[in-house]
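The two complexes that follow have chain A in common; it is paired with chain B in the first and with chain C in the second.
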Partner chain A sequence: MLPDQLVFAMEVTLNGLMAGVMYALVALGFVLIFKASGIFNYAQGVLALFAALTLVGLQNGQIPFAHLINAAFGTDLHSFGWTLPAALAIALTALVMVGLAWAIERLILKHLVNQEPIILFMATIGLAYFLEGLGDVMWGADIKTLDVGLPQGISEGIEAVTAEWFGYGFFIDRLDIVATLVAAALVAALTLFSQYTKYGRALRAVADDHQAALSVGISLRFVWVLVWSIAGFVALIAGIMWGAKSGVQFSLSLIALKALPVLMLGGFTSIPGAIVGGLIIGMGEKLFEFFAGPLIGGATENWFAYVLALLFLVFRPQGLFGERIIERV
Partner chain B sequence: MNALDVTMDETGADERRIGGVLMEMKNITLRFGGVKAITDISFDIREGEIRAIIGPNGAGKSSMLNVISGFYVPQEGEVWFRGKRRPQMKPYEVAQQGIARTFQNIALFEGMSVLDNIMTGRLTLMKTGLWSQALWWGRAQAEEVEHRAKVERIIDFLEIQHIRKTPVGRLPYGLKKRVELARALATEPKLLLLDEPMAGMNVEEKEDMCRFILDTNDEFGTTIALIEHDMGVVMDLSDRVVVMDYGKKIGDGTPDEIRSNKAVIDAYLGVQHD
Partner chain C sequence: MRKSFTLLAATALAAATAGAAQADLVVPNLSYRTGPFAAGGIPYADGFQDYFTLLNERDGGIGGEIVKTPECETAYNTEKGVECYEATKGQGALVYNPLSTGITYQLIPKMQADGITLYTPGYGRTSAANGRVFEWVFNYPANYWDGASVAIKYLLDQNGGSLEGKKIALLYHNSAYGKEPIRTLEDLSKKHGFTLSTLPIDSPGQEQKSQWLQVRREKPDYVLFWGWGVMNSVAIQEAANIRFPMENFIGIWWSGSENDVAPAGAGANGYKSLTMHGVGADYPVYADLKQYVVDAGKAAGDGSNVGTVIYSRGMYAAMVIAEAIRKAQELAGTSAVNAAQVRDGFEALEITEARMKELGLPDFGQPFKATCADHGGPGMARIQQWDASAKRWTLVTDWIAPDDAVLDPLVAADSAAYAKEAGLSERCN
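Here is the complex of A and B:
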């Protein structure tokens, strides 16, 4: 039998890793856009929120802009009166995200070609607030439950097995296990896509040098719509996972902030970095809370990730997997 | 016909034929605000020839190349390509039409290997769609292999086998220039634009580059338009030369004609303009 403290720590570690997967899912969206366009997309968290809102709305047959329409025309509309199957609702939401990507390119990016990164960054801040407002007006500000048939509750299988091994059953959320599997599949798919397809190669080319990409016949617009669509899709998945875990609410957009230390750890340009960074942050903050929390009064999860990121900025500014920054003189 | 399918034995070295007009620039004027970079210039490029554009610094040579490749849009004038007037196009559309280019300051994908850089030249020649690509379906795989084979031939041709897997960022300047040429060749261009292909090279590198340009023209029959400062190189390489000065055309003809052109000599020796 292992000592209790160690067994608890193992459970905490596992839970931390799984929480880290959730952070990684958001960070992944950031990395994709940063790699392809050098834009730090502040709106990634809001994209996840918007995707989750749209998914719930479509699934429950909610009429978009119902409040606005009712207020303007004195009607009393609320619902189309249908409930779509989860798979169909997800597919439709994915289409909406592609449309959104197209609109973002058309209305924002197209006009900001060759601008300083800080200007594009500001544009994404604007986009974030706009989308948050749009989501509110379209689907309402109430907290919604998202049910796409993902397993909920504690995994009894793991509890039973660990109880047999350690004499203590681990509490692992089933949803976290699904999220882990989905994230793994997503990373594998994205890596294969970017390494082995012509679109992936075009994407990497645009990320590297716009002029050179143009000169071999790559359309920047197409690539940007593609990459924002993929980021929208990743946001949708993150939105589903977070929504299923804690309900679809506007604080969801704040998870984007936790993705920031994840990116500093993993490097802004590395897909594996986003995953490993997420895992380290998730695990780190849970373990730190477990061991050091009681000594210094708890609530360390609020700041631990940021302090860790700060340390990384001092000692390894490019992150674990980021490209080394070499300045030639 | 696929240019790269021609192997060395099939074409004799003397088979170079210069055909009809491939590209024609008619009365091109390009302004940046109030500054005229190019004033009313017309010239043509014939199929299979090596056409040089020369002139002192700031003469508007690079601007002209940028007009041809669609990076700049002239305020006046017409661009004719393969017998048709070209509507206003984005640079990537021009590239898809079969006009490849290199840049004065080298624009490569620094983070990618030499092989991947050259493979990007094949992107627009790949035909399989998004879904079969995404799922790596049968056709997509066969296609990749096929394009890879062509790229390997270009790598052999330009003698860069030893650096195939090296990230471009680590290469010395001369080799980068060669990789850039390889990437342009990979697009199987009908017209190849070279912006100062030999700038900043030592004598040995220049000789290599000269040889590659001539061989490209010989073996693939590629039409080439180039900008170059080194007079010796230009006179040796090119079939016909356009001379620009202060955005105007001051000479056009074979190297011999250019050598004896009064206006050209004046421009280069800095005779007072009246």
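Here is the complex of A and C:
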């Protein structure tokens, strides 16, 4: 029989990897937009929140802007009176995210073509505040329960197997298992899309060189709408997974903080980097908390993730999978 | 020319006098309707504001003076909270209730210097209960150390009077707020022989896997919980995930609202928390709130939060402030009281059960009487338990008094340290 500490460390490692997948889900949205347009999208966390709010609102038949309508017209409207099946609600929310991507391109990005990256970054900060306020006004600020049928709680099968092998049943959350499968499917779909479809190739062309892509007739504006739509969909998936854990509430936008060290480590331009970065950060922070937490008072995870990312940056400034920047003079 | 000037001066004087006679009572509402803690901040601010609206609409204010509650958004951010204080104190502010321990710590010396009362029911700096040192701060009817002690007394009661050999874990928001009960629990663990382990969670607390894996490994008999915001709902979900017995999971009063238990659904059934007031909307005051505020279209929110835990707590805080102002008016012999007179009202305040009944809140809060030395009240609390199928809280105990033999020396030591640091001498001698 293995020593207890080793068995516990194995359980912590597995849970860390699963947590890493959840971080990677958020990081993916950042990578997609940065890769295609060079924009660090500060609003990615808020996109996840907005998507989750919209999903719950549509599913429960909540009337958007009901507070505003009632205050303005003295009505007492709250609900359309329907409850949509989860799949339909998710599909409709994905459509809303496409509409949002179109609006973002039309109202913000179009006017900032050829601007410095810092200007575009500042624009996404403004977008984040705007979307947070819009979500609040549209759907209200109360905590909403997200129920799309995802399983939660301990996986009893894994608990039984590990109890037999190691004498201690591991805790693995069934939601984390689903998140891992979804993340794997998402990465596979994104890879197939970018490698084997016309639009995917256009996206890669724009990512490689804007000017060259424009010269062969690729519409930069269309590609931006496309990539923001995909990032919106990824945000929806992240919003569903995180929202299932905590309920849909405004702190969901803060999950972006968990993605930053993942991006620093994995690189801002690599989809596999986001996944591998997420796994390293998740596992690293959980193991550090397990071994060092009790010695230094605990609550190490938030800062240790950044320390770990910085350590990697010392040796690979572009991140593990980022594109190496070579400037010749 | 001289005549016109005299007329002008007389008009200005008359206007100023009339202004003084109709001076409004200003109670700024430092709220947070945005950001990660908005889900708790909104119902609290609504309850706080709606109660003063009720007094204005039903009674014509307090003693004939209309109460104004200028609102300022803090987003539960300490710097913004201090900015809000600085921005509103010049409006004739009488008392502040910022609903944030972080903001409270920053405001204590400022408000002492400015001569404005700081009222922090159920939060803030616990040792401010010592009126000998904290002249301008009041935190009755209960504070965090009371809460910690009440939780342990409840567990003693559940275990035949002994916690010898039991393991209790404290899961807490890694902030000034969450750390408040540690000292008390350490002393109580020595007294009652239980083992205390402390598990901090960084704000906002969306990811708590490490802490709950530790709980699962160490198998504490009970988990006490000092959380706020998203930390609450995630903790309750994680406890359900690891199949921790929910009846052995007890939160402080800031971790026991409908918002906290709803996301976990049936998994939250049996979860307990402390409360310093009654539950539900079966109190006469809610009928008045409906008639004069909600149905009249004058509510701060849409009325959907009326009767929920956090709304009721905001309303309760407003009720105590209103009673203190009423007392101040009585003592000062004038309805247009100033900040110093309101402080005197807080210090002379007595809330009896008979008075609570008159206010439409029978058996809602504990009776208390403040004195020069006692700004903390009796510190009693009750235990409420969540019924997931009925979707409501139920009170499962009567009022439980804290262990003053343990708490009093802690309050004395901490307040003495503050007095030394701030160069204050003790009063009430």
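Everything below uses one rule, namely that the second predicted complex is superposed on the first by the 329 of 329 C-alpha atoms of A that agree within 3 Å, B and C clash if a C-alpha of one lies under 4 Å from a C-alpha of the other, contacts with A are read in each partner's own complex, and residues count from 1 in each chain.
Quick note on the criterion: a residue touches a chain if its C-beta (ideal position, glycine included) is under 8 Å from a C-beta of that chain, and two chains touch if they have at least 3 such contacts.
Because the structure is predicted, anything quoted here is derived from the model rather than measured.
Once the two complexes are laid over each other on the shared chain, residue contacts for A:216 go to chain B alone; chain C is not touched.
In the overlay built on the shared chain, the residue A:249 is in contact with chain C alone; chain B does not reach it. When the two complexes are overlaid on their common chain A, residue A:105 makes contact with neither chain B nor chain C. Once the two complexes are laid over each other on the shared chain, residue contacts for A:258 go to chain C alone; chain B is not touched.
Counting the residues of chain A touched by each of chain B and chain C gives the higher count for C.
Contacts of A:202 after superposition on the shared chain: chain B is touched, whereas chain C is not. In the superposition on chain A, contact is made by A:302 with chain C only, not with chain B.
Contact with chain C, but none with chain B, is seen for A:289 once the two complexes are overlaid on the shared chain.
Looking at the shared chain after the overlay, A:142 reaches chain C, while chain B stays out of its contact range. Judged by the document's definition of touching, no chain A residue lies at the interface with chain B and also at the interface with chain C. By the touch criterion given at the top, residues 8, 11-12, 15-16, 19, 22, 67, 70, 74, 132-133, 136, 141-143, 145-147, 152-154, 171, 173, 242, 245-247, 249-255, 258, 286, 289-290, 293, 297-299, 301-302 of chain A touch chain C in their complex.
Remark: chain A residues 192-193, 196-199, 201-202, 204-205, 207-209, 211-220, 323 touch chain B in the complex. Residues of chain B touching chain A in their complex: 69, 71, 90-93, 95-96, 100-103, 107-112, 116, 119-124, 126, 128, 130, 133-134, 136, 140, 144, 183-184, 187. Chain C makes touch with chain A in their complex at residues 33-39, 42, 174, 198-202, 204, 206-207, 209-213, 216-217, 229-230, 233-234, 237, 240-243, 259, 262-263, 265, 267, 297, 302, 304-305.
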